[in-house]
Amino acid sequence: MSEKFSRRDFLKLAGMGAATTAVLTGCGPASRYVKREPYQQMPEYNYNGQSTYYATTCRECAAGCGLVIRTIQGRAIKTEGNANHPLNLGKTCARGQATLHGLYNPNRVRGPIKHARGDRLYAKANDPFNDNFDDAEPNMSWDEALQTVADALTKYKPEEIGFLMGMAPDHLFDLVTDLANATGINAPVRFGALGMFESRATLSKAAETLFGEARMPFFDVGGAQVVLSFGANFLETWLSPVSYTRGFASLRQAETKMRGKLVQFEARMSATGGKADEWVPLRPGTEALVALAIGRLASEIRGGAMPRVFSSVDPIDVASKSGVKLEALEHIAAMFANSTGALAIPGGAALGQSNGLAVAEAVLALNALADNFGKPGGVYFSPLAPSQTEYQRPASAKEMQDFVQKMKDGKFKALFIHGVNPVFELPASMDFKGALANVEQVISFATFPDETAAEADFIFPDHHGLESWGYQRVVTGSDLPVLSGAQPVVAPYYDTRAAADVLISAAQLAGGSFAQALPFKDEVEFLRGKVSALMGEANGSFSAMDAVAFMASFQQFGGWWKMSDGRTAPSAADALNQNVKGDAAEFAGEGEFFFIPFVSPTLAEAGANKPWLQELPDPTTTVMWNTWLEMNPETAHELHIEYDDVVRVVSEAGAVELPVYVYPAIRPDTVAMPFGQGHTAYGRYAEGRGVNPADLFGGHFNEAGDLAFAGMKVKIEKTGKKRPLSRLESMMGVYGVGLGEEH
Amino acid sequence: MIKRFFDWLKQPLGLIAVGIVFLALFSIAAYGLYTTQQSPEQPIQFPHKTHVAFGIQCLYCHPGASKGPSAGLPSQAKCWACHNQIQKTQTSALLAPLKDAVLSGQSIEWVPVAIVPDFVQFNHRAHIAAGKNCEDCHGDVSQMNIAENPQVMNMGWCLNCHVESAGEDQEKLVKLTDCGTCHY
Amino acid sequence: MTDHKNHAEHAEAHLREKHLMLDPLPRGRMNEMVMESMRHITWKFWVVFGILAAISAYGLFYSWGVMIAEGLGVAGVNRPVYWGIFLVNTVFWIGISHAGTFISAILRVFKAEFRRPFTRAAELMTTFGLVQAGFSIFMHMGRVWLSYWLMPYPNQRLLWPNLHSPLSWDLLAITTYILGSTMYLFLPLIPDMAMARDRSTGWRKTLYKILALGFRGTEGEWTHLRNAMNIFAFAIIPVMFSVHTIVSWDFAAATRPGWSSTIFGPYFVIGALHSGMGAVITVLAIIRGTMKHMKYFIRPEHFDAIGKLMLIISMTWAYFFFNDYMVQWYGGDKWTKQLLHFHEAGPMGWMWFAMLVCNVVIPWAILWNPKWRSTPWLVSTVGIIINVGMWFERYIIVPISLTINRMPFTWRMYQPGIEIPLGIGTLAFFALLYMAASKLIPLIPVWEVQEGQMAHELKKFGRETVVTVSELE
Amino acid sequence: MATLNDLKISEVKLSEGEGGKWGMVIDQDICTGCQACVAACAMENNISFVGEEDSGYGRSMHWIRIERFWEGEYPEVKMTPNQPMLCQQCGSAPCEPVCPAFATVHSQAEKLNLQVYNRCVGTRYCANNCPYQVRSFNWRDYKRPEPLANQLNPDVTVRRRGVMEKCTFCIQRIHKAQDQAKAEGREVMDGEFTTACAQACPANAITFGRTDDPRSLVSQLAKRRGHGAKHLEELGTLPNVTYFKGG
């Protein structure tokens, strides 16, 4: 201790004192001052601190639900359903809710980029919560980008230019179609993994065979009393899940009718099967047989002449082949025959087999027996969207294989890819990635740094769906013909540009027939032209005196729809006189297990990069952030496999390793696995998470050209590794694991 | 030595020294407190006083106050609408940042002084509707140059007024003192 | 005749050797022994002290710092096990702290003479244990920097702590207990401080001078001191019982299967004594083994006496355990049944059985034998085992019971994380405080021992030698 | 059990343990478990995502979760009706008395269980005492990498580490609707607003509204479906969420 207290010490002490008081008064206003930037020019209809709502269309899948996005001072805050929209009536699914995590995703393509194929588009890090992920810097100007597109259009012969697009029949598809028609380039091909798993080609082909029209059928679940669903996962991702879920709700609990019943035929209980009153685990591949047998038994109950389609099937034989007890078949047939509102739906894995077309036909024939065509609770043709003349089906897997073959043969010199991620979504055995090597120039319009974008020469990023203009035809799910409208709800966050704008500008640069094909100032002018063509149509949801007002209403209401039921009844004339080949499906591969891939109900094909979708538990298994293999407890016991054990699934085309989820509701001879994870790019939340069942798919198709994704047998090999799955459920509380023996 | 020191402290000189040390510590603490209570630097030395003196109403520039939660800062377009026509705008050094901002299209980064923490959900509209005047909380702005906050806007201050304005009305008191009225 | 005389002398010598109270030394010598035990600091002491200081710093500064900065995610708590080892340790340390009061207050009130040499060591345990309990409970808080909100103080927000909450009762009870027990520790320390003051120089002299409060040993001072100690001894007993009862209410007042049990109050108190006695005997064995001259003060007779107490407490604990189990099981609530089954048959079932072995089987097997329970190393090992068992008991009550609730969908196991270094930190800090105390204050209340020795006399009635104790106060 | 209908506005007194004001009816028969409510809730209420490891360890922050169990064994196995579990906004909530800081209190005005984030010191006693296990704790400062934070709802406080949180029945929407109604000089109408979960639910399995108003849709539904169940009612918690199990 000393009496001397140096000046320096004093200052130190003073500093410490001030710092301490500052900490102690940390609640003082100074600690909270933030800078605020007011608008430079306040947009009209905007108030400080108040939300503005914009109607638009959801782009998370091809269904086309109407959304209203709540925005506040230029930021999109919340997705709400558009209550006026005939398809979803104000409701949304989880993916629609999480679309904001796409908009503000930390990994987006931030501007036009030229890069070497295969290069990373963002820095890799192990911790997805870390901020230090750098997206690749844009290294081109948009002028250069437009010139690149224009060059690509002019440098190659029209037939050497291809467009591969997403599944939604939207304005961009119309624009490219117009361009193709005018210039002779290849017509755009639309594809999406959801369409592949829904077997849309099979549905329309069956409709064509039975009813003479290749249309998308609509199943009025809500109006029915007994619904037999052959694998259709209509409460998850199938065709138009929000609309079908609404149907299901009124099947069960409508004010005006009795509670309807749902019977689900599938080897692995899906989320839809979980809601069914009866779940029938039939042997995969025997769906057609079972449908025919039920038809035969139901016809017998109803009496009268046995329809030709059911005449050749032997229910006893079917019972033994399918593993469904004869009594069960009889009981279901009785339920079906005695109901006034019987409906049968084909879908899901049932169609993705070698005999998928027969399944679809047999099931549609059941509806003919129920005589429900064009009746409430029955089968309709979905209304064609306004200005649509025919059902525009997305490409089947077979058609995609032909497309890839053309690529391999060097028939495409320039390929434009928009709204689809074929490197991830197509079966690995098709080798889309390899085929890209034979295409001279690949231009991607990807919003996100996905696997296909990484393989492109140029990425000219399109806006996120919530930043863009557009319209989309609603293919199915609504009784009204709907053209759903999209508008930007926020200003583009990055230096992105609408693909339609890029094409229009590039076409101007390219000149000649290109410039003539797209004589528009910009995307909006093109849109306005298309939309205002509807002005003259009668019975619309709104009308207007001029094109500007019409377009404004189109934006305001989130689309335009006719107010009259656009559904039509399929002709039932020949449906019962067909000859459906009811043989069981053939399975490729050596293994002993049937393999059922299904689309993850929460992630679907493109949700993996949205963190909150990753954190949503799967409806059946409650697993988050990963892929799993579902296996019957008995099988697991026999193979000495426990939950979370990593196994190797080997198909004829490939192999993947993933942890086992011991799943009580799956046949012992079947294993199942969700599709949606297993990305090798696509941003920090998606990459390196889970595995992709597409790696296992071989090149087998059903008669309609859809992929026989469920037509495989696989081998299971133990690896000795363990990988705990993140589950919301408790292993103890739900399965009694670790509670002691007696439980 | 320690003993000698303590003995010295008991001497008049020592007592004075102790007093000085205490005074110094107190001043440091007071200074520390003072620094946390200062109005922040503003991009423009905006004189509220002058504007109010011209008869401009609060709600002219902060119209949100009567309509919703946030009073809002005026967009620079609004400033410019008047200042555009004022000769002084071209010459005044004070106004140069405004001119620059408008011409360059940059935002002016204001620092609001009347702030509540982010866990408080404050709604201007309800307060205006309840008959509160701006100056009740923000002080006599007509006498202020650069914005300053005359109040310590803490919970006790809020509650005090809430309880007073509820008066005898039990239902109103319940509503106005409910935690969930401001915190959610 | 000589034989008889010899025999009597032998018996007397034996009694004197056996009982501290009958084996007086000159007061100056005894004081010097105690002073020497404080001053005698070896390099081994510094090594152990350094290691413990390092562990405490790692546990209580670094690990806690990390947890404060990162959040409780670095610990093992989750849904539904919102409370983990922090609460286990809190209850454990509060339990440990009960021994001090029990020994010094209850035994003092009942005039159990064997208590005299170790009341100080036991009282220190109360204070030091409560310090660790305080650490543990504050570690447990999600926003410990706001813990002052739990204190009732006038504030501009017009907000007060919620006195409906058992946690608030807890806070009041523990605060009262720590204040009361510290004062109760201090009162008997005064004469010893005065003694030490008179026998030391330098900084020690200054320290003891301050702590002795000018005590000179006048009759008036002694009277005041005795009065004060008597008042505190009686007053602290209900506080002691209430503290652990209130701690038990943290659990018993909750609406959870396995917690909502009316017997928890006494069950927790007896559990606290169980672990506390185990800890005291362990500390005594360590003091006796490591400090100079302590073999004179702490003798097998003391281990024997505490051993008997431990046996009785163990039996009482077993009774309350059975009672609690029985009532919960008989209640028939399905979740409680599930939980009881989970205790034994779940993945942590071994702990349940280990608890019974440590708390009942081993103490009963060893402590019934006077010879064994007089063996310091053996009985202190039993003390350690009991503490392990009691820690298990709290672990079963907190994280294991929290695993099971009324929502089976959320049942989930708990895996400790940073709780372990934090817990070890409190243990090290506890030992560190003891080590520091052993060199700063007399661990033996010399005046009490001397007082006892003055009161005890060997008298001869005919041939028999009889111990008499005179009333001094 | 008193039906929701039995509660009249005049009977609702200003003390906890009395009747509710806002209530919810959940129809498990039509809940498909699609997780739309969970996602909507997360987006509306600024709920953090916690990543694979923490979510697998029981630290996910969902304010609403969908529970399902299994009955029977293959092939007679059935999935039990999906059960969305969220804060039941108990009239006599076990979480409230145990908080030492008054951070979880009963709103006398709205008859809800409030969680005042900024008052929470993180003892987690409330979560232990919640029989429904619907409270989630901020175990860490879960980061939202830029620019994800742009999506945050300004009407809801962003919570930091060490704070308990739970379903609020979207109290920010209640306040907004009340404010709007007051500005227009009228009462809040039934169906004028709803919670984020009910708004999203594609099956319309969740209905929200005034249970103290017999004309509201929730009251009507409760009356129509009749045999509604309240969870763990035997504990005397007076929950304000009614479940309809099966057909």
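Residue numbering begins at 1 within each chain, and the chains themselves are lettered A, B, C and D in the order written.
Methods note: contacts are C-beta pairs under 8 Å (C-beta built on N, C-alpha and C of every residue); 3 or more make two chains touch, one makes a residue touch a chain.
This structure is a prediction, so every number in the text was calculated from the model and none was measured.
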{"item": "Chain ID, smallest distance between chain and overall C-alpha centroids", "value": "D"}
{"item": "B-C against A-D, pair bridged by the larger set of C-beta contacts", "value": "A-D"}
{"item": "Interchain centroid distance [CA atoms averaged], subunit B/subunit C, Å", "value": "54"}
{"item": "Gap in Å, rounded to a whole number, between the CA centres of subunit D and subunit A", "value": "30"}
{"item": "Inter-centroid spacing, subunit D versus subunit C (mean Cα positions, whole Å)", "value": "45"}
{"item": "Subunit A and subunit B, separation of their C-alpha mean positions in angstrom", "value": "51"}
{"item": "Subunit A residues counted as touching two or more neighbouring chains", "value": "49, 728-729, 734"}
{"item": "Residue list for subunit D, restricted to those that touch at least two other chains", "value": "57, 65, 67, 69, 102, 119"}
{"item": "Residue list for subunit B, restricted to those that touch at least two other chains", "value": "117, 154"}
{"item": "Touching residues on subunit A, where the partner in the complex is subunit B", "value": "1, 3, 10, 13-14, 17-22, 25, 27-42, 47-50"}
{"item": "Subunit B to subunit C touching residues, read off their complex", "value": "154-157, 159"}
{"item": "In the complex, subunit D residues that touch subunit A", "value": "27, 29-30, 32-36, 38-40, 42-44, 49-53, 55-57, 60, 62, 65-70, 73-75, 77-79, 82, 142-143, 145-154, 196, 199-205, 224, 247"}
{"item": "Interfacial residue positions of subunit C with respect to subunit D in the complex", "value": "70-74, 77-83, 140-144, 146-147, 149-150, 159-162, 164-168, 171, 250, 253-256, 402, 405-410, 412, 415"}
{"item": "Touch list for subunit C against partner subunit A, complex", "value": "338, 341-342, 344-347, 349, 403, 407-413"}
